[in-house]
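Before we start, here is the structure in question, set down as structure tokens.
Labels A, B, C, D, E and F are assigned to the chains in the order they are written; within every chain, residues are numbered from 1.
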Amino acid sequence: MKTVYVTRRERFNAAHQMWNFDWSDSKNAEVFGKCSNKNWHGHNYELFVTVKGEPNPQTGYCVDLKKVSVVINKHVIDYLDHRNINLEVPFMKDKLASTENLTIAIWEQLEEEIKKIGTQLHKVKLCETENNFVEYFGEE
Amino acid sequence: MKTVYVTRRERFNAAHQMWNFDWSDSKNAEVFGKCSNKNWHGHNYELFVTVKGEPNPQTGYCVDLKKVSVVINKHVIDYLDHRNINLEVPFMKDKLASTENLTIAIWEQLEEEIKKIGTQLHKVKLCETENNFVEYFGEE
Amino acid sequence: MKTVYVTRRERFNAAHQMWNFDWSDSKNAEVFGKCSNKNWHGHNYELFVTVKGEPNPQTGYCVDLKKVSVVINKHVIDYLDHRNINLEVPFMKDKLASTENLTIAIWEQLEEEIKKIGTQLHKVKLCETENNFVEYFGEE
Amino acid sequence: MKTVYVTRRERFNAAHQMWNFDWSDSKNAEVFGKCSNKNWHGHNYELFVTVKGEPNPQTGYCVDLKKVSVVINKHVIDYLDHRNINLEVPFMKDKLASTENLTIAIWEQLEEEIKKIGTQLHKVKLCETENNFVEYFGEE
Amino acid sequence: MKTVYVTRRERFNAAHQMWNFDWSDSKNAEVFGKCSNKNWHGHNYELFVTVKGEPNPQTGYCVDLKKVSVVINKHVIDYLDHRNINLEVPFMKDKLASTENLTIAIWEQLEEEIKKIGTQLHKVKLCETENNFVEYFGEE
Amino acid sequence: MKTVYVTRRERFNAAHQMWNFDWSDSKNAEVFGKCSNKNWHGHNYELFVTVKGEPNPQTGYCVDLKKVSVVINKHVIDYLDHRNINLEVPFMKDKLASTENLTIAIWEQLEEEIKKIGTQLHKVKLCETENNFVEYFGEE
């Protein structure tokens, strides 16, 4: 039984801001700097979703990546692409729109759906810029 | 007299939307699709600024790229980074926030300032995503 | 009238071989080396299609890149993706399957179709590997 | 004793098809889609081979990466580059030519050979496209 | 308690040579090849620093990456950028200037400083070229 | 007669410094900043060599890129890779080791040699970092 890790990349473009509503404007500006701009800014996010399992002897696939792509698009990308993360994304409601929180929320969107196509979610990696990215393995 | 073309890359993250105020909501939605989202979306823009000239025999440089970087940051990046292109950028006021218009506006911001540091603007290239980019050579 | 150059990237994966049917096997092996393998090899091709024109004052676009993408997919990618360039691509019939010939053939597939969506083809760039690419501007 | 993980990238271009000979043509088409094209398609594969060990106090190297490169080329790249994975690669005989199976087969080609140059194979990562890749750590 | 891994990329350009002073010139040439050039050569190094922790409910951040960047610049980049690794870098004194040793030394420079900003160092990854990189997780 | 532009990428790693021997140390430091470090620094240079011509009807090639690669390696890379640009490269003797001067010198190394393999040099592009590059088309 040979376990492989298979990764699919998807992309989305979204607006967000960093803002804590329990804080004053000046505290938000101090902590979040230009990321707290009330008029929003945005990013080209790159999302890497990794599943683990054994290759199926009938297909050679751990899972059909086309199905993984469909799941990611239906449960993640369609909610986020060309959207405002703070205002429009149900699974980010009442959460700070950090890459950390977004990565965890994407894991939670995907974990059960990935099971339904017969494989297991291993990692979600989300790149905000070429210099910053976050990974989550479902550790609690 | 040997003419070289020297390019400096800078980056900025911004929010925008595609919207024509002369049009109905449905016309905007029809033409601009998801880019017309009223709650904004955003991008990691990559900007490539090319100047042309001959290497100075004293320095080997066509122009000191540190000076080019200072000019780009002062006249372009500081206006755009972590900003809303539609709402906050003086040189994009009353213009549709397309990559085409933004590329031309960046040329206009830079052309005279690049002359002041002793060289000549040749090209502005602006990448909105890994799949889409615009170039402008100052042609009128 | 400000002319901008707008580029759209598309990708396809295809098999090919380099073979001149007027030559002996040994001549083919001598000239084309491992690219002449009779059992085929393949590439992830990256295609960059550049059009030129002025931004439309109503849209800010030189042309809607979604339309450019549709044209490229219909007239180029659908013929090439997951195909054998030597055996299955009508516009490469009886041509050597070099990146040079493929780049010119893609230009010829696109030139009239790009006109129909109201803009002008400027350049086709085709990358075969990270080390090799070809550009064609329609020069004859 | 400080353990580092050292990675070498190599590349190859190959043709393949996804096909299960126990299935009908229509079943193959249904499961594998355009990847089942009988006339083949191909990819630019990127291979990342990671070894683990401690830096040698005499050289500062965990292992000389030139030697790792020689091993990878001799036991993997020379069999795969400009080849048909289904028809010509002994270590893929009678296996479905999926990236999963190919990644595992490359591990098996390398594991003992990497030991012979005094280090330990840790991971094989194989990228089929910019959107899809597989990793294998030898887990059974 | 959800643990995320957050990575910051920084870059530096440096000169180095591979040389063991206990060895003859010919032994150095034999083992290190062109990397032993007495007149130095150099690289654009890419450094990826990964910290681990839980997102802070007040900020959504595991740690403010601007602070991570400041720490990396103060304790690593300022010592290495536009420097000679063999001659000028205190934390590489009397060590062979391999990527392995440099990666471990960067870990040692950062481990305590990362704690001081309230998070935990998880990995240092250092890329010497597009084909070679080293990772260190602090394993001893 | 259809003219295509064909590009080959090669890479080299080298050390250099920016220094004008007619100037004082302080003037060098003022103009060249950290690039004037007397102990050298270095880069991973990426070189893109573009030739122009028509595809040969017998081969489909403008020119065999393997031959272009041999020419670039023999007349450029072998002089520069793992070398000190200021001290060891004959065609950079008595020149400031700027990317501009190096790009022009590479053109001069290649122009006649490219003719000998039956094609014409069109452009030399040299990337010093991901943010800085120079292009030369032989303009005088």
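The working rule: a residue touches a chain if its C-beta (ideal position, glycine included) is under 8 Å from a C-beta of that chain, and two chains touch if they have at least 3 such contacts.
None of these values were measured; they are calculated from a predicted model.
Engineer: Using the touch definition up top, find the fewest steps from chain A to chain D.
Structural biologist: 1
Engineer: So if I look at the partners of chain E and the partners of chain F, which chains show up in both lists?
Structural biologist: A chain counts here if it touches both chain E and chain F, and no chain qualifies.
Engineer: Chain C-chain D contact: same residues or different, taking over half shared as same?
Structural biologist: Same: most residue numbers at the chain C-chain D interface appear in both copies.
Engineer: Any idea what the CA-fit rotation angle from chain A to chain F is, to the nearest 5 degrees?
Structural biologist: 180
Engineer: Suppose each chain is reduced to the average of its Cα coordinates; what separation in Å results between chain C and chain E?
Structural biologist: The separation of the two C-alpha centroids amounts to 42 Å.
Engineer: For chain B and chain E, what's the span in angstrom between their mean Cα positions?
Structural biologist: So the centroids are 34 Å from each other.
Engineer: I'd like to verify one number: the distance from the centre of chain B to the centre of chain C, where each centre is the average of its C-alpha atoms, in whole angstrom.
Structural biologist: Chain B and chain C have C-alpha centres separated by 28 Å.
Engineer: Going by the touch rule set out above, which residues of chain C reach two or more other chains?
Structural biologist: Residues 130 of chain C each touch two or more of the other chains.
Engineer: Per the touch rule above, enumerate the chain pairs that touch, sorted by label.
Structural biologist: A-B, A-D, A-E, B-C, B-F, C-D, C-F, D-E, E-F
Engineer: In their complex, what parts of chain E are in touch with chain A?
Structural biologist: Interface residues on the chain E side: 1-10, 50, 55, 58-62, 64-66.
Engineer: Can you tell me which positions in chain E touch chain D when the two form their complex?
Structural biologist: Per the stated touch rule, the residues are 18, 20, 22, 31-33, 95-101, 103-104, 130-137, 139-140.
Engineer: So in the complex, which bits of chain D are touching chain C?
Structural biologist: Within the complex, chain D contacts chain C at residues 11, 13-16, 34-35, 37, 39-44, 81-84, 87-88, 129-130.
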